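Note sheet for the following structure.
Chain nomenclature is as follows: A, B, C and D, assigned in order of appearance, with residue numbering initiated at 1 for each chain independently.
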Amino acid sequence: MTATTHSEGKHLGPAQYVMVWVALMVLTGVTLAVWKADLGYSARVAVALGVALVKAALVAIFFMHLWEERGVARLTLVVAGLLVLLLIGLTLVDNATRFPYANPPYSESWKDAPWQKDAPPMQGEPPPVRVTPADRSTHPAGHAP
Amino acid sequence: MNLVNEFLRKLLFLPLQASEWARQLDYLHYYVFITAMLGAWVTLATAVVFMIRFRRKHAEQSTPIVDPKPIHEAVFIGLPLVLFLSYFAIGYPQYVRLQTPPKGAIDVYVQGKKWMWKFAYPGGPNSTDVLRVPAGRPVRLLLTSRDVIHSFFVPALRMKQDALPGRYTQIWFNADLPGRYPIFCAEYCGLGHSSMLGELVVMPPAEWDEWMERERRSNQPQAQDGQPVEAEQVDLRGSLVDQGRRIAAVQGCFKCHTVDGTQHIGPTWLDLYGRTVKLENGKTLVADEAYLTRSMMEPNAEVVAGYKPVMPTYQGKLAAPDAAAITEFIKSLRTDAPTAEPQKGPIYVPVTGK
Amino acid sequence: MHTEAAAAPSRLAHHFPDMKTQEHAARMGMWLFLSTEILLFAVLFTAYALYRFLFPVGFEEASRLAHVAMGATNTVVLITSSLTVALAIHYARQGENRKVVGLLAVTILFGVTFMVLKGFEYHHHWVDGQLPGRFYSYSGLQGPGVSMYFALYFLMTGLHGLHVLIGMGLLGWVAWRATRNEFGPGYSTPVELSGLYWHLVDLIWIFLFPLLYLL
Amino acid sequence: MSPSPASSPAYQTPNYLNAVKGVGSWLTTLDHKRIGVMYLVLTVLSFFLGGVFALLLRIELVTPGPTIMDAMTYNRMFTLHGVIMIFLFMIPAIPGIFGNFFIPLMIGAQDVAFPRINLLSVYLYLAGAAIAVWGMIQGGTDTGWTFYTPYSTTTVTTVAPVLLGAFILGMGSIVTGLNFIVTVHTMRAPGVTWMRLPLFVWAMYATSVIQVLATPVLGMTLLLVAFERVFGFGIFDPARGGDPILFQHLFWFYSHPAVYIMILPAMGVVSEVVQTFSRKNMFGYKAVAFSSLGIAFVGFFVWGHHLFTSGQSTFASGVFGVLSMFVGLFTAIKVFNWTATMYQGAIQVSAPFVYFMGFLYFLVFGGLTGIALSTVSLDVHWQDTYFVVAHFHFIMVGGTIMAFLAGLHYWWPKMFGRMYSERWALAAAVLVIVGFNATFIPQFLLGNMGMPRRYYSYPEQFWPLNVASTAGASLLGLGFTIVLVYLVVSLVKGRVSGPNPWNSRGYEWNTPSPPEAQNFPETPVHDRGPHEYQDGPAAEVKHAH
């Protein structure tokens, strides 16, 4: 009897694994390069998430042998992924379409609150401070792209 | 229609309908009730008839295989689906109407707080636990909460909306039946949840206008439990008493202690200084500066009888001058003390509706 | 009683008809477990998505405080460790237990590297007061959403780091079994399962890295 | 479970109960049947503990003001009632007892796929229960079982142990579900095709999918609440920009599907009961089987109908509202098919069937009130009132517990080889059903009147209906106690049942009662579906080899 339950002839060898690894490395490089180039917010998000998806697919299909696996494993992964999207998606749909001031104070949807300054004070809430990256340049960790 | 409405309303134990929206909602309620009852009882009666009709004759009785035709399953799926979707088709537009206040609605700010409702009207007047609205005019409520989630519920309006801490939710109504209706808190909020009761007073419009005018003229907003107001925040070097009040508010003392003598989680601060208090362990002592300070730092060492040892320690959170300021503030809270200048509550600015 | 010892000669538990079914069952169980892990992280991803949506400026500015160089190094380290695990599984199926031990040792070393780098990052954030929620005290960046970013940063990387540690433990145990020449063409399930777990840890990092460092 | 005297004929034959003796053999057993029995003992204990709390709560509510306890005790008690009933009884009971005991017997397997992990789930249950109970002794939680933030993150009571307990119980639940999915996939005996799978197994399969995929979300969410309490990270803290509604989204993403974790196994049980006692194959087998999967699937899309008044957006409420109607649809399909199964059957009206009829009644009304509740605008009035309380007790107690009792009576002779007293069983069944109606119908009316839930005291207009409800609850308590007594008595004094007292053709009845330690000496091979009664005597089961 052979090694595993997998159907014969589909096993990957070390060479293929190394090729996948090279692809993953290249993709990591692409992400970093795009980040460095700073092509703008939406491009950065799209590239970063798109590349992450491709990388994840490579790992799942080749390293995790989804390629050779029976249908159940694939189904499991796909269903789990879809549920994650469902949870994120519907939660975001709610927050995006709510009565704006039902979102956390000073969040994006409060931007144009016409009565924000006159609204009754709320306990324990921080004042809306602008982001002030003042001493970042002197900071050792500072490294704006 | 009216008779049928009254009959079904009483049959279902529903309270009075104080707005047109409530009436509309009840019509949907009746529709759902009648169709669901019909469907349920037809199904259950069928089951009972089968149970009686097809009793077992002998132990090894064999039965035919009865498999459904596609039409059976189609009916089983189609009938309830059509019915259920009709509920949604009627109910959802109603909900949208409830969530969309009309232009020109009177805005009232509602603040839920353990365990009371506070209402503030445009122009300054405010009240606790009693919401007065004019009959026949739309009112928009902007709800918020001071601590945890509360839910503003008026059964007579069939209307409920959660009040969330730190942000606003809205709802509106147009009560058209003058009268007094209970307000409940429907979201569990702790010890006093069931006593967080309020009253909605729907007044004839002319009466309400008069009341409002009177309130505005004597626009002396009441104290909000010592909560700091903007005017106070500006003056950082106020008297020790004022500092004490501010620090106490920031530290959240008023979550448990009141300054007006009402019972809460902790003893009230009104007239506390110099009072002889009885402790949990039977001893008595006089609440002096030393005791008050000790209570902040080691709150559970000497607990006043009748209270739970739930206060967190402020050791390390309160600097010594701060503790002294709070003590001074407590000392200033005396019923026999001459009244200081009236405290200013937050001023609410009207909000234009959609 | 079907203990490990009783099943040792054939490794076939009494309630399975054959090895093939047993291994299939084991792998299916592992995949289901991995899906629970994905949903465990989904909670944090949802919180991240929501707060990023609500506080885009705060999150963007805060993510610039992340140490991209170390994060990128860690990405490379984890991806490479995935390769070594994949190779270890390959050789376990061939019965080359010495290679398995070596590759797994390298993998664990990568895991240690990852954790050490992570420790440096944590240390920097700690020193600067870039901490979650009420502990946030960094004066260089203040504003809505900033402390939330660090709350999520620490929760996500912390949970991930915990998984790395568990994965290292699993791989160590498997490597120890490989030193006893246990694996071969007929039996390599433990290597495959702990390998799957390690790959999942890598998979999650592949998403964490751009989300927390680059966006 | 005290073993019977050796002289008793029921236990003269070797079976799983007497195969190995001693407490130690039970604590380390890998036998799925013994694990099922352990779950039976543990969950029934929890049920009665939760039931005592329920009765105390009802007594407190007999008068509008304080009756027997103060508000703090009341708040802790309803929290514990909820936590115990949901996490320690509803979720683990039917999967833990009947799922463990009967899935392998039904699919012709010798055990579940991972017996050691199965035993682990019992210990996770014990550990979770112990930690939660320790939390109770420490003072108890007063948040309600929903743990809504920011109340749960700011209350002064002991919340963390209960959160941790629920987290561990969740792990046990995941492990059970994972085990069942793999078992059903890999261990079916020859001839047990997917389309011959007993409907109980189908229902358990769908349940397991939910358990595996939804429970981690709850676990992580509860951990975040604990983190929030201990460290103040601010994920749900409104003062730090956190969104309390996010907690509700995450919580209901699990807890709505969790309702189906509780009711789907019940639906599976009654599918078996109605077939056996009507001597009929299921009308619309495929519809019933696939509607289980349909419920599991759609159940994930509807969580937002718990948030209609929370500040959720109007649009999101519409999406969740319309999707909720489809969940009701799948339940309706099942109800119609069960009813149609009785058509041209040969119905034996014994205790399990009476419970089935009770189940049907409660499910129809519980389900329809659920549909009414998810009608978006009506929910605005009913949300957080006693109407909701009555609705979910109709489904949970009326549905799940009726089915649990139906299954317990149906499978009791299989599990222990003894018959209970049929007369007492019928009397108790009637008492339970009447008591249940008397308890919860007044609560529907209270909800219509507008009485909010979790009320320690209430205005006087709610008084009469509360008294009625409490009276009903005492009947209900009496009924459950009678069931417990005659079932325990039957273990010692009950008539020996023989292998198949109901003449059922369910696959699980092809074993001796009680079954032997090894389920099948030879792997069974089935050439027909379960519950085919169209010809003469019970079908012979062929054996391989």
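Following the convention adopted for this analysis, a residue touches a chain if its C-beta (ideal position, glycine included) is under 8 Å from a C-beta of that chain, and two chains touch if they have at least 3 such contacts.
Since the model is a prediction, treat every value here as computed from it, not as a measurement.
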Report summary line: Per-chain Cα centroid nearest the overall protein Cα centroid belongs to chain D
Query raised in the report: What are the two chains with the most C-beta pairs touching?
Result: B-D
Requested in this report: Report, in whole Å, the distance between the mean C-alpha point of chain A and the mean C-alpha point of chain C.
Outcome: 16
Requested in this report: Provide the C-alpha centroid distance between chain B and chain D, rounded to the nearest whole angstrom.
Outcome: 34
Query - Rounded Å distance between chain B and chain C, as computed from the means of their C-alpha atoms - result: 45
Report summary line: Cα centroid separation, chain C vs chain D, in Å, comes to 35
Requested in this report: Two or more other chains in contact with one residue: find those residues in chain B.
Outcome: 99, 147, 164-167, 169
Query raised in the report: In chain C, what residues contact two or more other chains?
Result: 24, 28, 32, 35, 39, 42-43, 46, 50, 54-55, 144-145
Requested in this report: Would you give the residues of chain A that are in contact with at least 2 other chains, written as numbers and ranges?
Outcome: 72, 79-80, 83, 87, 91, 95-96, 99, 102-107, 123-126
Query raised in the report: Taking all chains into account, which pairs touch?
Result: A-B, A-C, A-D, B-D, C-D
Query raised in the report: In their complex, what parts of chain C are in touch with chain D?
Result: 1-2, 13-17, 21, 24-25, 28-29, 32-33, 35-37, 39-44, 46-47, 50-51, 54-55, 132-135, 144-145, 147-148, 151-152, 154-155
Query raised in the report: Where on chain C is chain A touching in the complex?
Result: 19-20, 23-24, 27-28, 31-32, 34-35, 38-39, 42-43, 45-46, 49-50, 53-58, 60-61, 64-65, 67-69, 72, 75-76, 79-80, 82-83, 85-87, 90, 93-94, 124, 128, 139-146, 185-186, 188, 192, 196, 199-200, 202-203, 206-207, 209-211, 214-215
Query - chain A residues touching chain C - in the complex, by the definition given at the top - result: 1-5, 11-14, 17-18, 20-21, 24-25, 28, 31-32, 35, 41, 44-45, 48-49, 51-52, 55-56, 59-60, 62-65, 69-70, 72-73, 76-77, 79-81, 83-84, 87-88, 91-92, 95-96, 103-109, 126, 128-136, 139-145
Query raised in the report: Where on chain A does chain B make contact in their complex?
Result: 99, 101-105, 114-115, 118-125
Requested in this report: Would you tell me which residues of chain D are touching chain C in their complex?
Outcome: 30, 104, 109-115, 117, 174, 178-179, 181-183, 185-187, 212-217, 219-221, 224, 227, 231-235, 237, 240-243, 246, 249-250, 523
